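First chain written, first letter: the chains are A, B, C and D, and each begins at residue 1.
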Amino acid sequence: MSVIRVEEIEELEGGLMRVRIGPQHPISGQGTIIVTTDGEIVYEIDVDIGYSHRGIEKILENRTYLQGIVPMERMVMLDTSHVDMAYVRAIEELLGIEAPPRAQYIRTIILEMNRIISHTYALGLLAESTGWFPAFFLWTTGDREPFLELMEMLTGARWSYSFIIPGGVRADLPSGFKEKALKAIEYFRERLDVYMDAWMENALFEVRTRGVGVIPSSKAIEWGAAGPNLRASGVRYDTRKNEPYAAYGELDFKIAVETAGDAYARGAVRIQEMYISLDIIQQALENMPSGPIKVNVPQRVPPGEVYSRVESARGELGVYLVSDGTDKPYRVKISAPSFRNFFLLEMLPTIQEIKFADVPVLYMSFDPWFLDADR
Amino acid sequence: MYEDIINQLWSFIQDNLKFIFMITIFPGLAFIFIFVIFAVWFKRKYLARLMLRMGPVHAGKVLGWLQLIADAIKLIAKEFIIPRTTLKFLFFLLPILLPVIPACLVLLIPYAEDYIVFEAAGNGLLLFLAIATIYPVLSMLTGWVANNKFTIIGALRTIYMDVAAEIPMVIAVLGVVILTGSFDFVKIVEAQSKIWFIGPQILGFIVFIIGCLGMTERVPMDFPVAEPELILGVKTEYTGPLYLLMMEADFVNWLAWLLLLVTLYLGGYNGPDIFMNKTISGIFWVLVKLLVVMILLMTIEVTYARLRVDQAVRLGWRILIPLSLLNLVISILLRYYMPWMWGVG
Amino acid sequence: MEGLSEIKRILIEKFGDNIIEYKIVSPKRIIVKVKSEKVKDIASELKRLDFDMPVSAGGVDYIKKGIFEVFWIIWSSRYNVILILKTEISRDSPEVDSLVNIWKGVQKFERETWELMGINFKGHPKLKRLLLPEDWDYEKEGYPLRKDFSLKPYER
Amino acid sequence: MSNKVEFKGILDKLPKPIRRIFEWGRSYSIWAIHYVTGCCSPEFMQVFGPRYDLERWGLLSQPSTRQCDALFFVGNVTRKMIRRAIRLYNQMPEPRYVVNIGICTISKGPFYDSYSVVRVEDYLPVDIYISGCPPKPEAIIYGALLLRKKILGEKVGGSKRD
């Protein structure tokens, strides 16, 4: 196994140096951000992904539809149910069946709880990148526990549930889930107020994030931004409203939109989305219909192609499924939101002057997830 | 033939027993080591508590007090690596030198009326500031010697912070000198017997606190060691015992600046003497004030984000320097109109 | 719905036979299959018709028919509809024009397809290694996403 | 690379009680590198979080490799990542340990037929294996305690190292 030698220090003109914020770095996660800088001003950012590329799209061609859920969920461990939902929605569209209403409501609850878990991770890391590591990052890590416990109670696993299957949901709500969930919502709502005070009024945090990495709405659309990064630039685009899936058609909720388009706005959009998710879960729990939770589904899916979209925590996750009638998918193309969010980070130095200390803040404000981009 | 040497030695010890005690026990080596271990332990427990978690517990079976000793032992027993691209002599010398600089600052501070190790003939404050400014230069050298991309950026930033935080702080300290009329620590503390200088010199106090955060690299101004961007800033390349010395130097530097803060603005050893003996109550008051200021700075460290380099330098030049100049004007007026308040007129 | 048929009319009368197939699958989905030489002009025409946000791009390997099918997925902010633009290229000379200067967001997707499937995008600024490990040589192991690449040797 | 001063031998020649002190010190302050490789990393963060707090045993995550003595493989390791991991392993000073979290690092787990995932065992000597996908925080804490026991010199399962 050839260990890579120390790359030759390439001489860049103008005294620049290429700093690799590598896979082993407090902020970088499982990838490398190669920054060309002279110490303070950043001239070019290149994100080197692929460090956890497992070839999930090729593996899925080797698995049946039901088996494919497990490796596909490993793509983004933070909100696995959205990946699940996109894949299952594509299969259901090809089969032409519809999950029973009770299953739709249970699915909505899981999706929204997953969104909260993922957004707390994003906010914690954004605070950590501005140096506010001790308090905020660990508050959010701690406040995520009640939801993880609820998920464990419902599905048996803390992170990768594979609970949403073609045709409905694997099991019904256990007894006592509703009371526990309402208690957790109450606790988290008042914790969110604490975050709002700690977040909005923290002068130094605002100084570090306002006006940093501003993306106008035209550029956001042109570069294909996804999810909160798009809504933070003033574009009203939410797949839950455009193409309602699960039970979003019957529940009323609004979309959190900001216009500033900077790192602060992206954080604010995520906090408001958490408030909205709490309301959605409460509504879904209150008027939960009764009835069956599963419809039996044939092994073989009729041939055809379909593109299904789901609003995951990081943005619009699309699955382009081509099936050839057997029980294994012919081709699955997953358009991961983080893959597009990284592109924003690379394009930013072209429109705005960025400091070296801002790179982690920007990287965390887009909330990309290297595994999601690598697939 | 050996007897007279031993007798001489014995008489020498008896003459200045107090001086030897001061050097080795109280403000000397023992106090510094114990304070460093206590400060690191307290910081980890206090910050953990603010993060809603427990902090080290199992190391010493009660509140984890042995945790720091375990860390120190582990670091001593670690193998140290000398990167090939460094100057070996400097790579070893600098970490050893770093804790020494702030250690000798601790001896200049008066802990009670007659309890001061080195009088410095009336200008203790001047000597303190002179030695204290060597520390950033040395930490910049460690960054440069380690010859790693991140440490070089860290070294550059140490100079930025030095410029941004130190100049306004020295001007703020000038305010205190104008009020008391001398550089002598004892006179400064005597002048504060009626009212502590935090009252009249509130602007100077604010500038000093921010400068102190900068000099000791605490969170709002700690971009030389900014974890998210530069791995450990200046200390990245040091392993084992050298890292132990560097980490210790950080906290001794913190102790020195806190002691200066206590003597200049919070009235050194002034305070109702609870114990019969004056010196013991003096020492007691200095340590209590030290603890209070330490807790205050740690709380600031948890609740605020880190400033960017250019923002810190802009803060330093645009806001801190005018503030400290304004503080100079105020102290001149106070000195001219109410000299009796400060035991001078 | 009226917007969609109007788009169809503009495309058909401007490009006529180059559009092999124009399917409106549902009110939110359009599948357009075009000849591979005309891809660039049709794409710029779509851009003029306010199809501005690129969502994804990729390739499907139909080994039995001996063709690659390259697709771009575009969302339009005005009509709020997803359009899948598809072309077919032969397997032995996989070459197609890159649509980078029309939709900038497509750059990374095309780079990934080039790396995993071996489809050469003409005019792409940065066709470099992205996902695969450095010591991956195409002769010995081939392109992963092609159908003739089997996972058997990697099975532990 | 960097020429390392061979340091291990001196400590083993010390008499028993002094060596016990060093082992006690080492066992209570294991510093892991702030480095995650795969999809178990959210669980790794939860273990450092308020509820399951690894710092109770003095286990901190240090940013720089020079001060660390434990390399945690958290989740799947691909061919591209293992090359950097080997380089990290070489940078760490001598008394160093490797802990595998997640079945992907042990046996490629759900990606048994993936073309880029590798087993860590073929490249680096591993001390502790924690299985689970992702392992629950209690399992990770139990693995950390096993590592402590191993440092104290007690027998911990059959391991190739000693």
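Brief remarks on what is shown
Just so we're on the same page, contacts are C-beta pairs under 8 Å (C-beta built on N, C-alpha and C of every residue); 3 or more make two chains touch, one makes a residue touch a chain.
On a predicted model such as this, the values are computed, not experimentally measured, just so you know.
When the C-beta contacts at A-D and at C-D are tallied, the pair with the greater total is A-D.
Averaged Cα coordinates give chain B a centre that lies 63 Å from the centre of chain C.
Centre-to-centre separation between chain A and chain D, using Cα means, comes to 29 Å. The distance from the centre of chain C to the centre of chain D, each centre being the mean of the chain's C-alpha atoms, comes to 44 Å. Chain B and chain D have Cα centroids lying 36 Å from one another. Residue positions of chain B touching 2 or more other chains, listed in rising order: 51-53, 227, 231. Residue positions 49-51, 63, 78, 80, 83, 113-116 of chain D each touch two or more of the other chains.
The set of chain C residues that touch two or more partner chains comprises 132-135, 144, 151. Of all possible chain pairings, those that touch are A-B, A-C, A-D, B-D, C-D. Listed in rising order, the residues of chain A touching chain C in the complex are 2, 4, 49-50, 53, 55, 57-59, 62, 221-224, 235, 237, 242-243, 305, 307, 309, 316, 318, 320, 322, 330-331, 333, 335, 339-340, 342-343, 347, 374-375. Across the complex, chain B meets chain A through its residues 47, 50-53, 149-150, 152-153, 156, 219-220, 222-223, 226-229, 231, 301-311.
Those residues of chain C lying in contact with chain A across their complex are 28-29, 31, 52-56, 58, 60-61, 71, 73, 77, 80, 82, 84, 103-109, 112, 129-135, 144-145, 149, 151. Touching chain D in their complex are the following residues of chain C: 132-136, 141, 144, 151-152, 154-156. Contact residues of chain A toward chain D in the complex are 1-4, 22-26, 29-30, 50-56, 58-59, 62, 70-71, 74, 77-78, 121, 138-139, 141-142, 144-145, 148, 158-160, 371.
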